[in-house]
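Next, two complexes with subunit A in common: one pairs it with subunit B, the other with subunit C.
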Partner chain A sequence: MNEGKKDLSDWITTINREIIYTIIGLAVIIPILLGIKEKVQISPAVKSAYESIESLNSTDVILISIDYDPASMPELQPMLKAILRHAFGKEIKVIMMVFWPLGLPIGTEGLEEVAGEFGKVYGEDYINLGYRPGDRAVMIDMGREIRNFFRTDVNDVLLDTYPMMRDIHNYNDIALIVGLEAGRWGEYWIQYVGSRYKQRIILGVTGVMAAETYPYLHSGQIEGLIGGLKGAAEYETLIGRPGFGLTGMAAQSWAHIAIIVFIIIGNIGYFMTRRKERRFRIEGRKE
Partner chain B sequence: MSISTSIWVWIAALLTLMIYSFLYKENPFYRLAEHIFMGLSIGYSVVILWYNYILPRIYEPLFFPPHQWSLIFPILIGMMTFGIFSEKYNWLIKYPLAVYVAGYAGVQIPLQLQTMILRQAEASFLTPDKFTSLFSSFNALLIFAGLVTTLIYFYFSAKREHGLGGASQVGIIFIMIAFGAAFGYTVMARISLLIGRMQFLLQDWLGIM
Partner chain C sequence: MKKRVPLLITFITGFIIIVSFFVPHRPFGQLETETLIWYAIIFAFTLVIGVDSLVRLHIKHIRKRKKGWWYSIVFFAGFFYCLTIGIISLIQTPNIFQPGTVFFYGYETILIPLQATMFALLAFFVASASYRAFRARNIEATLLLIAAVIVMIGRVPAGYKLWPKLPVIANWIFDVLQIGAMRGILIGVALGAVAMSLRLILGIERTYLS
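Let's look at the complex of A and B:
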């Protein structure tokens, strides 16, 4: 046995984590710097989310729920902007509400940015209800009257002051709910609003949650599902407005390739080490 | 290349770098950034809760006409939760917990049963409308097989013999594929966060792009 001599398996299984971080970092930075664009395939889940909004007309109102905070912003903010661009492009009115306190500033920023692009007027074309705690209680009570929890908007102005809100009282007046989710609130929307009030729902979720949300799509409890940054990129492709989602996809692919290579290298190292240990055991028995 | 002149962008960029310095090793810059983040987010949440919950839902209805005196009962029950901080009165927490568990179970169980079990089981039934094309037929059979074999894997009341053993082995394969899909999505989510920060540093801060 050559105890002091390092072979390939030792080298593979002791790669410094700093090297791995650096390679992953470069895999992300280089495509961004080079501005590499990548086409994405449209999945049926995102296509049906797109078609749900596409089926609406200018008299319809959608409710967008911001159920995320800055930690999930890179995945969900591009979805918010893409959906808003789609909705405002079709003259659909938008109500935004927030269940995560730290989601309020980022949701407001996204709404105001896209509304500005389309020249939309606050109170006539869109409204920001702001944050309310109480998630499930709020969801249930909004089925009776939105004003039970949202007497005023984010600016503390009475809802009835705004022309857009005069005829909107509960889910009967809302064509579609769009939940942008980084937690369990998507399930709450399905359980407390979809199931109880038969409300149409589409969800945009973080990548972590996407796999577990698919059964709700398959069972028809939601009409569409946008999963992670790739979902956002698909939606941007569908509306023909490239944004952060699409520009990030090349970096995403490069980083995935790097991770796949590391997984393969790690497995090779694991099997080499196992074979080496077995050989040592056999040699030990012979001695 | 035009580096940002906004002080806020600089603060955000430096805090990002301080957090990423943890990748090398734990250091005082990382800890400072972490504490700033914790303090800010808790402080922000407290203020938001105060103005959106305590004031409009508790203080104003109680102390301004028309007084909603009925609110006193849930408030008292809720305040019993603070009994946990006292050795003498920590038994008080049983009451709010009892109310919460009973209420939550009453509301949640039928809804979960409906949305997570009945509707999803219904969606896996092999009804004629699932067999409209070759692809949809294959999907329907795959989902049905996945559901049945996975359930068999979690059926522990009989020996894994004959067909049951084989079916549970197939169930493991479906479970592993589900774990793999979830892990793949998780990797994508984490890389997305890194991409978001890198775009901020390169575009908003350094103005390279």
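Let's look at the complex of A and C:
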């Protein structure tokens, strides 16, 4: 063997991680900087989530649960904004609550931004309940009376002072729950609220969680599923309001292609090395 | 006594929750509400216990000069920073997460970029690891590799441009192949949870007491 002299297989199998990082970085940054928006195909899961909200009317109320923090913000925040735009566009009233304390500011920011776009009034068209500890206990008891856990809203003002909340007491007064999930709360909504109170639920989850949430969609325990950034992009397409979801899709598309190219290169190198080793073994035996 | 009281509390709580599911009327419905409020209060206290144990751990790291002990100093800097701006914001408004408070400023300018960076780093590690470790070494690994590549490319717009059937195949893998396995796992987990709950309520499982 000619030691010290590298052949093609050695080059292929030993690409520096700095090069890989740079290529991935460029694949993500360039489409975002150029603002490239890619067309996405609408999946049945997102379509049914969209139709669940589409089926509601102006007298209905939806409850949006913010169960994520800034780490999952790039995937779930575009979903929140798209769903809010859809709901406010149909004059549907919105209640927001939080089970992940660090999700409260980003949820509030999204809610206020979209409410501002549609000229909605706090306490009449939407309300922010804020965070309460005790997740499953809160979910179950809200089925009896929301005020058992939320006597006040996020600003510490009694719920009954808001006109919108006067006739809203439990899940009977809420048409649909929208859970935006980066943790286990989506399952809790299904298990503790969907099954017990027969509450209609749609979920928006991170890309990695989509696989484990699909069985709930197939069994009919949730009406719709928005999975990852692609789901957000699909929802933006359905409401005709392109946002970060569609921009992010271009970046994700390029990054996926880059990763696949690296996997192929790695495997070509692997097979070349294996062939080379086999050849050396045969030559060694002959000698 | 030390063991009997917790066992009794577990049994009564579990009994109330189960019965109130089937009989949600008085007194069980009311008792369940009380139990759930207690659960939420205890849950809130566990957050305090969590902070306490974290602080103790980092004090120990600094005292014993363990490897990377200076990261513990960074922890305390962050901890006291959050505590201070949290208290200042609380004086300003009951909702410290309201845009415009000192806490929100810290949240927006420090926490969001830090958490986003941590999560974004995954993309780089996944790319590097896929290149180094995702090899078609045997039939199982090859099948996994093919499925992963189809799903990866089929779930982005580029897949459709490449071949319009790719998203259909990717969705089929997602909807049929993976869902069967996932459903099996979920049913297994649920059965395990039911069995464990019954063991806890009936006092057979006592490891949580030690």
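Keep in mind that, in the parts below, the second predicted complex is superposed on the first by the 287 of 287 C-alpha atoms of A that agree within 3 Å, B and C clash if a C-alpha of one lies under 4 Å from a C-alpha of the other, contacts with A are read in each partner's own complex, and residues count from 1 in each chain.
As a working rule, contacts are C-beta pairs under 8 Å (C-beta built on N, C-alpha and C of every residue); 3 or more make two chains touch, one makes a residue touch a chain.
Worth saying up front: this structure is predicted, and the values here are computed from it rather than measured.
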Inset, instruction - May I ask you to decide whether A:L33 touches subunit B, subunit C, both, or neither, giving the answer as first, second, both or neither? - result: first
Inset, instruction - Could you tell me if A:G266 is touching subunit B, subunit C, both of them or neither one (first, second, both, neither)? - result: second
Inset, instruction - Determine, under the contact definition given at the top, whether A:P163 touches first (subunit B), second (subunit C), both, or neither. - result: neither
Inset, instruction - Please work out whether A:N155 is in contact with subunit B alone, subunit C alone, both, or neither, and reply first, second, both or neither. - result: second
Inset, instruction - Please work out whether A:S43 is in contact with subunit B alone, subunit C alone, both, or neither, and reply first, second, both or neither. - result: second
Inset, instruction - Using the touch definition from the top, say if A:P74 reaches subunit B (first), subunit C (second), both or neither. - result: both
Inset, instruction - Have a look at where A:Y21 lands relative to subunit B and subunit C in the superposition and call it first, second, both or neither. - result: both
Inset, instruction - Please write out, lowest number first, the residues of subunit A touched by both subunit B and subunit C across the two complexes. - result: 17, 21, 24-25, 28, 71-74, 102, 104, 130, 132-134, 136, 196, 210-212, 215, 218, 230, 252, 255-256, 259
Inset, instruction - Using the touch rule from the top, collect the residues of subunit C that touch subunit A in their complex. - result: 21, 29, 32-33, 36-37, 39-41, 43-44, 47, 93-95, 97-99, 104, 107-108, 111-112, 115-116, 118-120, 123-124, 126-128, 130-132, 134-137, 145, 149, 152-153, 155-158, 160, 167, 171, 174-175, 178-179, 182-183, 185-186
Inset, instruction - Please name which positions on subunit A make contact with subunit C in the complex. - result: 15, 17, 20-21, 23-25, 28, 38-41, 43, 69-74, 102, 104-106, 108-109, 112, 130, 132-138, 140-141, 144, 148-149, 154-156, 196, 210-212, 214-215, 218, 230, 249-250, 252-260, 262-263, 265-267, 270-271
Inset, instruction - Would you mind writing out the residues of subunit B in touch with subunit A in their complex? - result: 23-24, 41, 44-45, 48-49, 52-53, 56, 107-108, 111-112, 114-115, 119-120, 122-123, 143, 178, 181-182, 185-189, 191-199, 202, 208-209
Legend entry - Contact footprint of subunit B on subunit A as seen in their complex: 17-18, 21, 24-25, 28-29, 32-33, 35, 71-75, 101-102, 104, 130-134, 136, 151, 187, 190-192, 194-196, 206-212, 215-216, 218-221, 227-230, 244, 247-248, 251-252, 255-256, 259
